[in-house]
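Chain lettering (A, B and C) follows the sequence in which the chains are written, and residue indices restart at 1 in each chain.
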C-alpha cells in the first residue's frame, strides 16, 4: 500500500518534470506535497521504537539491577557476562544478530521494527540495570540494618527506605538513556525499517530530477529534527541532576 | 558451522578491521585535540569561543552519528563539498568524539583544585604554562577512565560506516550474508572481530581505572 | 643599612562581588630584609592582602609596587613580577603529578630558562638545607604534611625571590609538624630574607618578627615592635584578640 503510493508519487514528480521542465532549489522540496508530513511520520516511527523500548526496559532494568546485587556467584557471573557482552558489542551488531540471526537459528522471521525493540530492550535493561545496581550498592549497609532494627520487612525496607533514596539519583540517568535510545534508533534504517532517514532517502530519490540538490535540505532537516527531539530531553535531565545533587 | 567458509573469508574481516581501526584511530586523535581545545576554552570562560564550544557540544551530543554521516556524505556534495567515504568517516567521528572528549576533559579540569593554578601562577608561570605543565596533566590523569570509555564508544560507533559505503566489518558481514546466505558464520566472525578489537581496550580501561583510584601518582 | 623600601602599598581597597569591603585603604611599606607578621581575627583581610600583593586578586583602588614596579593593574608583567615574590600556601599545593625535584625545578627551567643541571644542583642544595635530600625522587603524596610544606618553601626559594609571602602555612599541619616548618622560616629570616607572614602562632610571631601588624576590619589597626605589641597593645581590639589566646584555670577558684 505504502510502496505503491511512493511509486505513484515518484511518477507524478516525473510527470511534473516533463511538464515544467524546470529544476528548483533544493529547500522547496520540504514544502512540496506532503513531504514534511512524511518526514514527521518517519520520525514518529523512530520515537515509537525508542519510547516502547524505554518503557519496557524500565521495569526489566530495575529487576536486573536488583538481581545483580545478589551474592549468588552464578547470578553474578551470568549477569556480568550479559552486561559486558551488550556493552562491548556495537548496537548495530546486536541488531544484525537478532534480525538476521534469529531468522536462521529459529526459522523465525522477525520484522525490522520488532528486532529493533528486542535489541533496545536487551540493551536498555543492561544499562539501566547497571545504574540501579550502582545506586543500590551506594546506599550504606547501616541504612538496611537500621531499617531491620526498626522491625521493617525487607519489602518495606525497599519501599520506604531504599527506593526513595535511589530514585532521585536514577531519574536523570534514566532520562539520558532515553536520548541515547532515540539517537541509536536511527540505526534501524540499516535493517530495513522505514523511518525518518529512509523516508528522506525516498523523497530525495523520487525528486531526483526536479530537486537535484534535495539531499542537503532533507538530511539537514533530519539532523535538526533529531536535535530538537533530543536536546530538550538532555536539558531536562541536566536540570533535574543539578537540582537533586544535594 | 562451516569452518572452511570462515577460513576463506577471514582475510576480508581482517582487512575490514584494519580499515575500521585506522579510521577510528584518526577520528579519536582529532577528537582528543578538539576535546582538549573546547574544554580549555570553557575552563577559561573565553567570551565568544566558549559559547561556540558549548553549542557545538550540544549539537553533536544530541544527534546520531548516522545522521551526521548522511549529511556529510550525501548532503554536503550538493554544496560542492565532496569527501571520500573514508574522509567522511574521520570527519564524522571527530565531530561526534570531540564533544564526548570535551565533556571528559571538562570533568577532569573541574576536579583540579583552583589553588593549584594559583600556586603555578605565583611561581611566575604564564597562564598558558600553568595550563600546560600543571593543570592539564592532572586533569588528563583524572579523566583517563572516561577517555577510555569514549574510545570504546567511538570504535563501536564506526559500525555505522557501512552506510556510507565503507568496507568495514558490518559491510563485509552484510555482503557475505547477501552473497552466500552463510548467516551464522558471517555473524560469528562479526561478533568475534568486535570482541577481539574491544575486549582488550575494555580490560585495559578497568585496570587503569583501578590503579588510578587506589594509587594515584607515584607508583 | 639604608632605609630601602622593597614593597610599597598605598590606599589599597578591595571588595568582594557582593559589595562587602574586605580591605579599606591599606598603607604599608616593607623594607628590604624586614620580617613582618600580620595578625588579626579571621576575616580581617590578612590573607586577601597577601593574595593582592601576588596579583591573585583584582584590586579596586590604590597601588601596590614592588621595587618601584607597579603590580596592580599590570597583568602583562605579572609573571615577571611574581618571580620576585615567593608564595607559600596553607594547603602546600605541591603538584601531585611531579616528583619533589620536578616540583622545585619546574619554574627555574620553564620560567627562568635555566639549564636542567644547574636547576637541579640548586634544588639539591636547598633540599639539603631543609633536611629533605633523600626525598627528591618522592611524589608529594608520599610525604608528611610538614615535609610537603618544607618542599613548598624550597620550591618558592628556588626562584631566588626578593620577598617571601607565607599564608597560614602551619594551619593545616598536625601540631608535631609545625615546629619543623617554623624552624625553616626562622632560618630564612636570619639569612636576611624579606618576609610577610600571616600566622596564628603567636610565640613564633613574637620571636621572628621585626614588626607586627595587627589588622582589623580591613584596616591596619596597629603596627609596632613585637615586644611592645604583646606586652602593651595600644588598641582595645588588639587586647581582645590577644585575650582570646589566654586561658585562666577555672578549677582552682572552685575548690
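Structure notes:
Heads up, the rule we're going with is that contacts are C-beta pairs under 8 Å (C-beta built on N, C-alpha and C of every residue); 3 or more make two chains touch, one makes a residue touch a chain.
As the structure is a computational prediction, the values presented were derived from the model and not from experiment.
When C-beta pairs in contact are tallied for every pair of chains, the largest tally goes to A-B. The chain closest to the protein's centre is B, with centres computed as averages of CA atoms. Chain centres here are Cα averages; for chain B and chain C they lie 46 Å apart. Centre-to-centre separation between chain A and chain B, using Cα means, comes to 21 Å.
Our note on geometry: chain A versus chain C, Cα centroid distance of 58 Å, whole angstroms. The residues of chain C lying in touch with chain B in their complex are 51, 54-56, 78-80, 82-83, 85-87, 89, 91, 93, 95-97, 99, 106-107, 110-112, 138-142, 155-156, 159. Those residues of chain B that touch chain C in the shared complex are 113, 115-116, 118-126, 129, 133-134, 137-138, 141, 216-218. If you check the complex, the residues on chain B that touch chain A are 58-59, 61-64, 66-68, 70-71, 74-79, 152, 156-160, 162-163, 170, 173-174, 177, 183-184, 187, 190-191, 194-195, 198-199, 202.
Residues of chain A touching chain B in their complex: 26, 84, 87-93, 96-97, 100-101, 103-105, 179, 183-184, 186-187, 189-190, 197, 200, 204, 212-216, 218-220, 222-223, 226-227, 230-231, 234.
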